[in-house]
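In the two complexes that follow, subunit A is the common piece, with subunit B as its partner first and subunit C second.
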Partner chain A sequence: MWSDLVDLLFQAYERFSLLPLFIEIALVFIVIAIILTISAYASILFRRYKAYVHAKRIAFLSPKIEDLITEQVLLNENLDKDMPIESFEFDKAALDNKIYKKPEVRQILIDTLIRYRKNFRGEVGELLRKLYIDMVLQEDSYKKLKSMAWETKIKALVELTQMDIPIADVTLLPLTNSRNPTLRAAARNAYIQLSKNEPFKFFDIATEPILPWDQLEMFKIITTSKDIAIPNFARWVSYSTNKSIVSFCLKLIAHYDQQNAIPTVVGLLETKDHYFRANAINCLGKLTAESAEPRLVSMYNSQPIICQIEILKAMGRIASGKYLEFLKHEFLYSFNFEIQMNAARSIIKHNTQTSRAMLNELVETTNEDNRIIIKHCQNPLIKY
Partner chain B sequence: MPNILVIEDDDIMLKAIRNILNKDGFNVVTAKDGKEAFEMLETAEYDIVITDLMMPYANGLEVVSRLRNDSNKRNVGIIVVSSVGNEETITEAFRLGADDYLKKPIMAGELLIRIRKLLAYKTSKALFVTKRK
Partner chain C sequence: MRVITDFFTKGAFWDTIAMFYQYAVFIYGTSLLMCYGLLAMMSLANIRRYQKKNANVDYNIIVESPLAPGISVIAPAFNEGVTIISNVRSLLTFNYPKYEVIIINDGSTDDTLDKLIVEFEMVEVEYAYREKLNCKPVKRIFRSTNPAYDKLSVVDKVNGKSKADASNAGVNISAFDYYLCTDVDCILDKDTLIKLIKPFMDEETSTTKEINGDIQIQEDYKRVIASGATLRMVNSCDVDEGLMIRVRPPRRFLPRFQEMEYIRAYCLGKMGWDLINAVPNVSGGLGMFDKEISIKAGGYDSLSFAEDMDLVTRMGAYMKDNKKKYSVKYVPITLCWTEGPTTLKVFGRQRSRWGRGLAQLMNTHRKILFNPRYGRMGLIVFPYHFFYELFAPVIEFLGILFYVYLILTNQINWPYAIILIVFVYTYSVMITTMALLWDQITFKYYTTWGETIGLCLMAFLEPFIYHPLIVWFALKGYWDFVLGRKHVWGNMQRQGLGAQKKITVSAAILLKDFLNNPKRADSLYMSKSIEVTGTVFDVDKTPDGKPMIYLQTGDNIGGVQCLFTRNANINKGQDVTIKGICSAYSLEGVVVKDCSLVK
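On to the complex of A and B.
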């Protein structure tokens, strides 16, 4: 039989070698295309079958797992007594069930516990955590953290963070500087949430940037997490060489109104990077740093538009009233619409007797275009 | 035994709330979305409605609004349980007539206390109205 097949292949090859070259090339392409199509379909079918089997398994196991959680956590009789969570005891026989030894079942159990943790805090939330620990599920998560696949690592980070399980710095810190932006962001978020004493330690070693979207996510975590130790962010503004860290710290300084950071931020006005300088000016404005006002005005004329606009905004936020004439001058004599608009807004923002009188005077004496700008800026619906 | 309707599209949360309330002696009926909830509200009377906000067919705010605009169901106690925590949504829920608002993750004990307080308030209010009549 094998010899027949070899003969057949040999004959086919002989016939093939007699064909013109372009037909040979076309035939090779056709065969490759057929093989690729078949393997693509086979792969899709295999994946679908795997997903189907997994879904069926989940459908079968979920009620059992939910029953376990209901009995051990939600309906735990000790919840009504004033007992510390650490002294709660689960039914050992239920936890030692053979079914919970299988890795895939343990994964479904972890996923279900996390879904519950997202919905419950307080005693129930703590008891869910205790169940996770008592079933040694953290070991499964730790194992995933050692995986080569970054998706698995992220899954482990999310699990451990949700369950508030500490991760050693030696494992987590390198991940905060990973070259993979998704893993890096997840590790940084996990570090902030899990490290109670020094949640921003990774700022010291970060060489990779914090992307703008990650900054938003991190900002949300920092400002909504409880019991987080907020450091003096000026320290990174002074010595970090990572521009995105400094830029992020400027936003945090403004958010936490860290007035003692003003001298450090003023020092940043010397920087050659325009965008960076604009961030520093923005921060000074939000801190209402009146002491920085003369410096901002003196540097105004030598600045690019982006920094000039930030200076005008900062003067509106500081609103000391000392530079109203300067703002008026910029409004009347600038040829840039953005500058005029920000100058007008900053005059309005002062909201003092002098500024209101100045506005009235401007409305009466200036041309029609400027009047429209003032009217537009006076609209309270337009955010400043 | 007070009747409570729980409207929640997350299976796990729905079962969990039902179990917690059953354990405390409440009679609990569940609905998975706004549409199912409207059908249940047509067929039975409830002392308290606990509703999520983000749900298919009809969201929680629509449920609150419809209950408060129905003269027969105006006095039902409404507690909103949602993961939405922004000021506009919370104030909108109260403006439409919700009695209480709990942000997820919730504390089971807190939910029970709020339900009992709301029930006590509704009972005393009903007594006051009857006495005045």
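On to the complex of A and C.
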């Protein structure tokens, strides 16, 4: 029988090899296309079926897990007794349930605990953490941290951070300089949240940039975490060679209004990089650094537009009133529309008797285009 | 001499030509199909990369961040009076902290402008307008006196006979560094701005390097100049007041084919090109752009029939001419639903315009083709579009004529001909099925199995019904381009989205339905737009200061909680009708979100 089959295949091959090349290619592609189409259909159906089964499983498991959390944590009778969290005892039998030994269920349990912990702080939050530890779920997360796949590592970092479980510096610090930007960002966020003593230590060793999106995340973590000791960010402005770290520190300096950083930021005005200079000028404006005003005015004419606009904005924020004539001059004689707009806005921002008188005078004496610019900037209906 | 004469007269010449043509077409066709296969693989890799990268991203971080960059949303409107109010309301509900909405009334002859002025309490303002991009004159600019609409600007301008002209006017008054260009009748996802700004923020920005012996500074980063996302057909979806309630594939054949085609173009084409940083264009229906670069590149060309691709091409060319690195990014998520033509006439007009636009684009930017100075655009994007997009309809049409000729002259080798047809057919079905599979991998937009498989089966019909239409209309477009015919801009008759069956229910019955039969109540109300009537039991505020009210239900424990998106003047004991989306049910009652006061 086998020999018949081999003969048949051999004959088929012989006939196939006699065909012109383009027909041979076409036949091969037909077979490939049919196989791949059938596979794609099977895959679509399988994926949908898998999602359906998973949803069913979640629907079955979720009430059980939620009941466990409700009974052991939310309705724990010791909650109002001012007991230290370490002395709380959970029902061993409930925790030892066989169902919680399966990896898939343990993952659902971790996800549910994280969801709860995002919504509960204080004693309940701590109790959720204790439940996570008592069920030895941190071992699952640590295991994921050792995975080769970066996305699994990120998942572990998120879990451990949410549950406030420490990770050794030797493991975490190298990840803060990973070439993979997503892993790097997750590790940096984890480091800030988990490192109790020096949350910004990785700023010293960071060689890879902090991308703008990562800055958003980091900014939120830094500004919303209660137990982070805020350092003087000027030190990284002074010596960090990582431009994105310096740029990010300038934003933090402005946010925390670190007035003692002003001399360091003024020092940055010497840099050749105009983006850097613009960031430094922006920071000085937000710090209302009046002492920097003469320096900003003296350097104004040699700057590119991006820096000139930042200088005008800074003068509006500082609003010392000493350079109103300078702003008026820029408004009247600049050929650049953006410069004119920002000069007008900065005069308006002063909101003093002198500045108001200047605006009235400008409205009465200047040309129609300039008058409309002032009216535009004064109109409260125009938000941006 | 006789030999030569015989060569031409006895058919040897034509046989040689025919043989050459057959082989050339086979090589062309096979290479095209190989390109599709390669794109499919690249697109799968890119989709997986995107999913892994964004699996743990908390997009809401940007919503509360002072570091979020501002975005201007530009939506031109021409005679959109029927739907303008709900569409603008939808644009005002983006989940983003810092944005403005600019509606360009492009010389509408209906009541579009009047409706906007009345509904949004707009007044004309003295606006310092400067033309950075060419467009028809702007007559007036309006702003709202109601702080609830302080993000909205309406520009009234002279009709420029193109979307490009209106979009340029929008860019001229935009305040922010990034702008999103869309059509006012498109339904956009609430997270559109977050999802499209993220690619811009995933690259290092504003870094420089010193050149010429540290004397000069040069930009040294890959600047993202545009980003886009998948579009789909809105035709059979459930939409209410500009909000997408439920996604369905279109029921009618023509838009259904278009849905399949869009999925293939975005999930398989653009995601594949994105992997090698060679995205050819960002759709006119939804695209976010770097304003500085788009202005430097000259903005939209109002004479172009493919203004979206033309803009991206010119932006890319500008970057290359100035020796700057750039990228155009795509996200594999559907963020925009647009109404597809349902009649052959409108469809044909659209496709002819696209065909003509492609021919025009290739002609206008011919210096880029095969020019290594333009990098991937010159060596990959343009050659691909030249050979496989522009020429494909011509070669297909000639191929059909050649088949007919062979049949008529009885020269055809039927077994081989059939094998070749089956080859092309099976391969095209395979590519489309793969695109649909990739789409399933990204997000399961369709709720039922039937909807998914129903769409998949269209792949089997496409080569017989839809594809010939596309070829025909593309050729018509080329012909118009060659003859330089004047294009007539047609106005697509809108089918009236949002005309869903109204669900009105009292608060007491709503809660009772959920208590008695949660499953049935789920299917009746959940995720749907409903109008709830009742008496206000309590008034409170959400953490972000928006009103939150409780309606009396007669039940001691459960209630109906309504969360408003805008301020509303409501007092305890007041009888109200509230419109919103039924979003959750728990033991404490039913939650209705995105509420607005009807009366």
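One rule holds for everything that comes next: the second predicted complex is superposed on the first by the 361 of 384 C-alpha atoms of A that agree within 3 Å, B and C clash if a C-alpha of one lies under 4 Å from a C-alpha of the other, contacts with A are read in each partner's own complex, and residues count from 1 in each chain.
Everything below uses one rule, namely that contacts are C-beta pairs under 8 Å (C-beta built on N, C-alpha and C of every residue); 3 or more make two chains touch, one makes a residue touch a chain.
The shown structure was predicted, so the numbers you read here are calculated from the model rather than taken from an experiment.
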Report clash or fit for the pair subunit B and subunit C bound to subunit A in the combined superposed model.
clash
Between subunit B and subunit C, whom does A:Glu361 touch in the aligned arrangement: first, second, both, or neither?
neither
Chosen between subunit B and subunit C, the partner touching more subunit A residues is C
Return first, second, both or neither, reflecting whether A:Ala186 touches subunit B, subunit C, both chains, or no partner chain.
second
If you stack the two complexes on chain A, which partner ends up touching A:Asp96: first (subunit B), second (subunit C), both, or neither?
neither
Looking at A:Thr70 after the superposition, I want to know if it touches subunit B, subunit C, both of them or none. Which is it: first, second, both, neither?
first
Per the contact definition in the header, classify A:Phe22: touching subunit B only (first), subunit C only (second), both, or neither.
second
Where does A:Arg117 make contact in the superposed view: on subunit B (first), on subunit C (second), on both, or on neither?
first
Partner chain in contact with A:Ser43 - subunit B first, subunit C second, else both or neither:
second
Contacts for A:Asp257 in the overlay, against subunit B (first) and subunit C (second): which applies, first, second, both or neither?
neither
Have a look at where A:Gly125 lands relative to subunit B and subunit C in the superposition and call it first, second, both or neither.
first
Thinking only about the overlay and not a real complex, which stretch of subunit C clashes with subunit B: 45-53, 63-71, 99-107 or 567-575?
567-575
Using the superposition on A, tell me which residues of subunit A are in contact with subunit B and, in the other complex, with subunit C.
none
Sort out for me which residues of subunit B touch subunit A in the complex.
10, 12-13, 15-16, 19-20, 23, 83, 104-110
Subunit C contact footprint on subunit A (complex, rising order)
20, 22-23, 25-27, 29-30, 32-34, 36-37, 40-41, 43-45, 47-48, 51, 150-151, 154-155, 158, 181-182, 186, 209, 211-213, 215-217, 219-220, 243-244, 247, 251, 255, 272-275, 337, 341, 369, 372-373, 375-377, 379, 381-384
Contact set on subunit C toward subunit A in their complex
23, 26, 30, 33, 52-53, 55-56, 58, 61-62, 64-68, 70, 100, 123, 125-128, 130, 143-145, 150-151, 175-176, 198, 200-208, 210, 214, 217, 416, 419-420, 422-423, 426-427, 429-430, 433-434, 436-437, 440-441, 444, 449, 452-453, 456
Complex interface listing, subunit A residues touching subunit B:
66, 70, 74-75, 79, 112, 115-125
